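First the structure, then my questions, so here it is.
For clarity, chains are labelled A, B, C and D in written order, and residue numbers in each chain start from 1.
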Amino acid sequence: MPLINAESRGVFVIAVTPFTETMAVDMRSVDTMVDFYFDKGADGLTILGMMGEAPKLTQAEAVEVARRTIARASGRPVVVGVSAPGLAAIGELTKAVMDLGAAGVMVAPPGSLKTDDQIAAYYAQVVETLGADVPVVLQDFPLVTGVTIAPSVIGRIVEACPSVVMLKHEDWPGLAKISELRAAEAKGRRRISILCGNGGLFLPEEMARGADGAMTGFGYPEMMVDVVRLAAGGDLDRAQDVFDAYLPLVRYEQQPGIGLAVRKHVLARRGAIAGDTQRRPGAKLAPRAVEEVERLIARQTRRLGEIG
Amino acid sequence: MPLINAESRGVFVIAVTPFTETMAVDMRSVDTMVDFYFDKGADGLTILGMMGEAPKLTQAEAVEVARRTIARASGRPVVVGVSAPGLAAIGELTKAVMDLGAAGVMVAPPGSLKTDDQIAAYYAQVVETLGADVPVVLQDFPLVTGVTIAPSVIGRIVEACPSVVMLKHEDWPGLAKISELRAAEAKGRRRISILCGNGGLFLPEEMARGADGAMTGFGYPEMMVDVVRLAAGGDLDRAQDVFDAYLPLVRYEQQPGIGLAVRKHVLARRGAIAGDTQRRPGAKLAPRAVEEVERLIARQTRRLGEIG
Amino acid sequence: MPLINAESRGVFVIAVTPFTETMAVDMRSVDTMVDFYFDKGADGLTILGMMGEAPKLTQAEAVEVARRTIARASGRPVVVGVSAPGLAAIGELTKAVMDLGAAGVMVAPPGSLKTDDQIAAYYAQVVETLGADVPVVLQDFPLVTGVTIAPSVIGRIVEACPSVVMLKHEDWPGLAKISELRAAEAKGRRRISILCGNGGLFLPEEMARGADGAMTGFGYPEMMVDVVRLAAGGDLDRAQDVFDAYLPLVRYEQQPGIGLAVRKHVLARRGAIAGDTQRRPGAKLAPRAVEEVERLIARQTRRLGEIG
Amino acid sequence: MPLINAESRGVFVIAVTPFTETMAVDMRSVDTMVDFYFDKGADGLTILGMMGEAPKLTQAEAVEVARRTIARASGRPVVVGVSAPGLAAIGELTKAVMDLGAAGVMVAPPGSLKTDDQIAAYYAQVVETLGADVPVVLQDFPLVTGVTIAPSVIGRIVEACPSVVMLKHEDWPGLAKISELRAAEAKGRRRISILCGNGGLFLPEEMARGADGAMTGFGYPEMMVDVVRLAAGGDLDRAQDVFDAYLPLVRYEQQPGIGLAVRKHVLARRGAIAGDTQRRPGAKLAPRAVEEVERLIARQTRRLGEIG
């Protein structure tokens, strides 16, 4: 089974978790969704993240979602979010999903961490718990976790923990952070893979600053695939043309609170999943918002036609 | 099996979860701890709360702790904390523990709730998920949950949800809240049981304001038992004498961040549990703090002797 | 002097506060900035808001900025932000600026407000302090204030406080809130003016939902002027075309933490103010970010040319 | 005029700001309060802190309160809280009060600081703004500021900024922090004065850990004076006896939200100030709470008699 490493690049789509109308996990839709993402060009998947409604699953369900996704991915890499309040639970879920063939696990810092030392110590504990052979993605998402990780602290973690091979970059504003991290590597620090989040809202600039790709979600993952490919190939203007065409919808989907409803609506509309149900608390997109989304999609289609 | 109801009163001790040196759940210590609490006069227990390190347990462990505790309690009421980010998990754990004989479940509001309507709607969803026959304790602990519940909102929940029979009162400052709730009941609103938290730090005043008892933890649960009994019997001065003798240690144990280390140290020292291990993140009491605790216990013993 | 009222509409630009290189208030740039904003089509200005670095001014400076701005506005409406921790200070600043000819004042809720009742009571106190003849803008910006105001609570405030004539709408996601407020007015509640914030990031949808315009900042205020005018005239598609052309820069300027640096850079570049200095803590735009902004402006100019 | 320095010790009482019934600053009560505090044994005063309702004063009022307090103190040290969102305002108020004869100024970190480096950089900016000759008290109060300062970061500030001579210690739990700071000094780091806050709730332990005294408020400041004197003289048991006698009221006064109402009630009752008015938002003590306070004072008087 493939593992992620410090050279991993491309687009790892943050997958949703599909539910049936009765709020059971919709395993058939897991299959179609996995196919959809890879058909659109994804290099890998990340499951059981915050936008995957992971905290609303039981542990048994989480393992089943991982099993099904990894099986369907047929050898392509699947990263699994394992964040939890206790290290015992993190360790247990990690063991389960790595045994199933996961490519690595993603860990966000708990909100109780306040100082640089506490953050660095936490990741040392995580790595000690998981074992040195499990590749770890450090999820840096202060808006949600409440924990701000300075570039120097990322550096300390990278130096102390060789198995931390990737940063899911989601600080905001975070462009300067990418530059700082790459500058430190230019001076000799071990390289890590940097995949960016925030729904791709800053993806062209992030790529230009040295990111390796995206690890985030959007109803049209082909946007991220194209932008990353074009930017990696040096054609930033064309990358931005594509990005700009999708941007009105990217912006709409990034609204906190209803973003997941938008994403599931779009995915269901495109046939990637059977329905747009969220587990409670959580709700479907209101009819007026559906109209707004449809209008944006129609404009987006037209604009994509214009730019060819 | 006994269920809690709106007339429940007395002391429901918030139980710790004991661990062995290797951080497994220490089931033998669960037994001795249950015996200890009831020997000291507890009327019931509450397990898997925040001070029970519940978020650090796997779901399977949580059910096993509930099973063992309920069995050992031999028919005396055990309330189980079931708070979780998703209603599915809350429902699943509730079903499991009620089948095991729990006396009711306790639910804290998730931090995402911001407005009065959102809070009221959440508890309606909880009750719909659990079914009308499961007694629910509303945990009102803004310092930790970040959710402030106005007395009027508690009133709305009480009126809309007959199965919400008890308030775990832990707002701070919260004395006026007790008075307001009882005043509304005097005007006709359905009565609920009010058991108070915060380590008992305001227990004499809370009882005088109309509380039915305590639902909290402290290394010397007999303090709460005596204060509640004396206050309920009208002897507030004697209740306060007892309270004051324990207050220096109550205060010390209420320090955020190290409170649980103090409590486990005291319980281990008294033989209630075999050791004071916490699951990580979490640490034993530092030697200097142990000295401070020992000094306070020696003074407490002397003072209790003086007041007879 | 003109006062704002419940029928006010159009674009009230949130003004920056210009500083000289030595960090004194740059009064000459206040003049050129006022001229710039009105030249670009603004209907009014709002000064001393969060993006106006108001908390970094002394009270004497705040009054002088208000005096200079109102004088230069020559009778066009100027709203003044007067939020402060104490009602005495709010009252004092309000009296000073209304005497100078302000069109109204804007008040954000202090972060200490937690419940619906507390929020409603606060605005009643504000209005009592200011007097019934001072038009008040309710600033609803949960991301920064930490206070979420439910539509029903806005309704309570509107009904209890006739002098609250305008909502600065900056909740996020907030589109449904506009619809709810307008629906309540359709059923008979007093109308208020709704001007939207968030840097205009959702302006087309906000106008379509019933907003009266914008009260926010952006380096190209003509975008807001055009979008509001076109949308108010019913040409939503053309409004969105204009919006989409500016969107990549709107998005870039909305980055928390560096947004004001971007805005001041653009305004200085366009000659609206002499320099882009911020008072400390606060910093100029880094060179790499300047390059990114310049690139976006060049693309924006080209795209505006394409859409005619 | 005396300045505080790294050897300062004793009790600096956090003064309230008295208001008349019409909510003007009550300057005559400033005088009586200053006399009261020094009569009870205070070594100095700290004004315009959080419990001094400083954010509710206009800048002109703040300066007048400082002028009156410093004059009445007749050469005894008065520290002035100057925290503000902008460095310009901090600098202006500092200059004003140092010219009036203040002994130093106190600065809390703004809530926007997230990382170790940001905190250290902020204090460097503060010292640069104020000038190297103004003694600075670093206020470390995470519960209110939201900023956690690791002992190592205090060390960095102490090493980089010689004019930071004192720590107002109010972290919680904070006993280990005192020990860590003193241990670093034992290894060679420059000594600073550590005065403790939190209403004195942990004063005996803080003194035993190496604190130099208290900088906090309580309706009976003689408690702090006696505890600090006895502890500094080595009689920790007697210090704790005195402390324990006052503890039930200390605890009651420490309730967040109503603590200041309790304190002003007690001070007015004892004749230190003419009335217990708070500026809005803020309210007098409710009648039921007054009864509770009176009961605690009666018991406290009796207990103090018993211990002699």
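The working rule: a contact is a pair of C-beta atoms (placed from the backbone, for glycine too) under 8 Å apart; a residue touches a chain by one contact, two chains touch by 3 or more.
Since the model is a prediction, treat every value here as computed from it, not as a measurement.
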Mutual neighbours - chains that touch subunit C and subunit D alike: A, B
Angle (degrees, nearest 5) of the CA superposition of subunit A onto subunit B: 180
Chain of greatest Cα-centre distance to subunit C: B
A-C compared against B-C, more contacting pairs: A-C
Chain copies touching (subunit B, subunit D) - same or different residues, decided at half shared: same
Subunit A and subunit B, separation of their C-alpha mean positions in angstrom: 38
Separation of mean Cα positions, subunit C and subunit A [Å, integer]: 34
Distance between chain centroids, defined by C-alpha means - subunit B, subunit C (Å): 47
Subunit A, residues touching no fewer than two other chains: none
Residues of subunit C defined as touching subunit D within the complex: 23, 53, 55-60, 84-89, 92, 110, 112, 122, 125, 129, 279-281
Subunit C residues within the subunit A interface of the complex: 172-173, 175-176, 179, 201-202, 205, 208-209, 240, 243-244, 247-248, 251-252, 255-258, 286, 288-289, 292, 299, 303
Residues of subunit C defined as touching subunit B within the complex: 114-118, 142, 148-150, 152-153
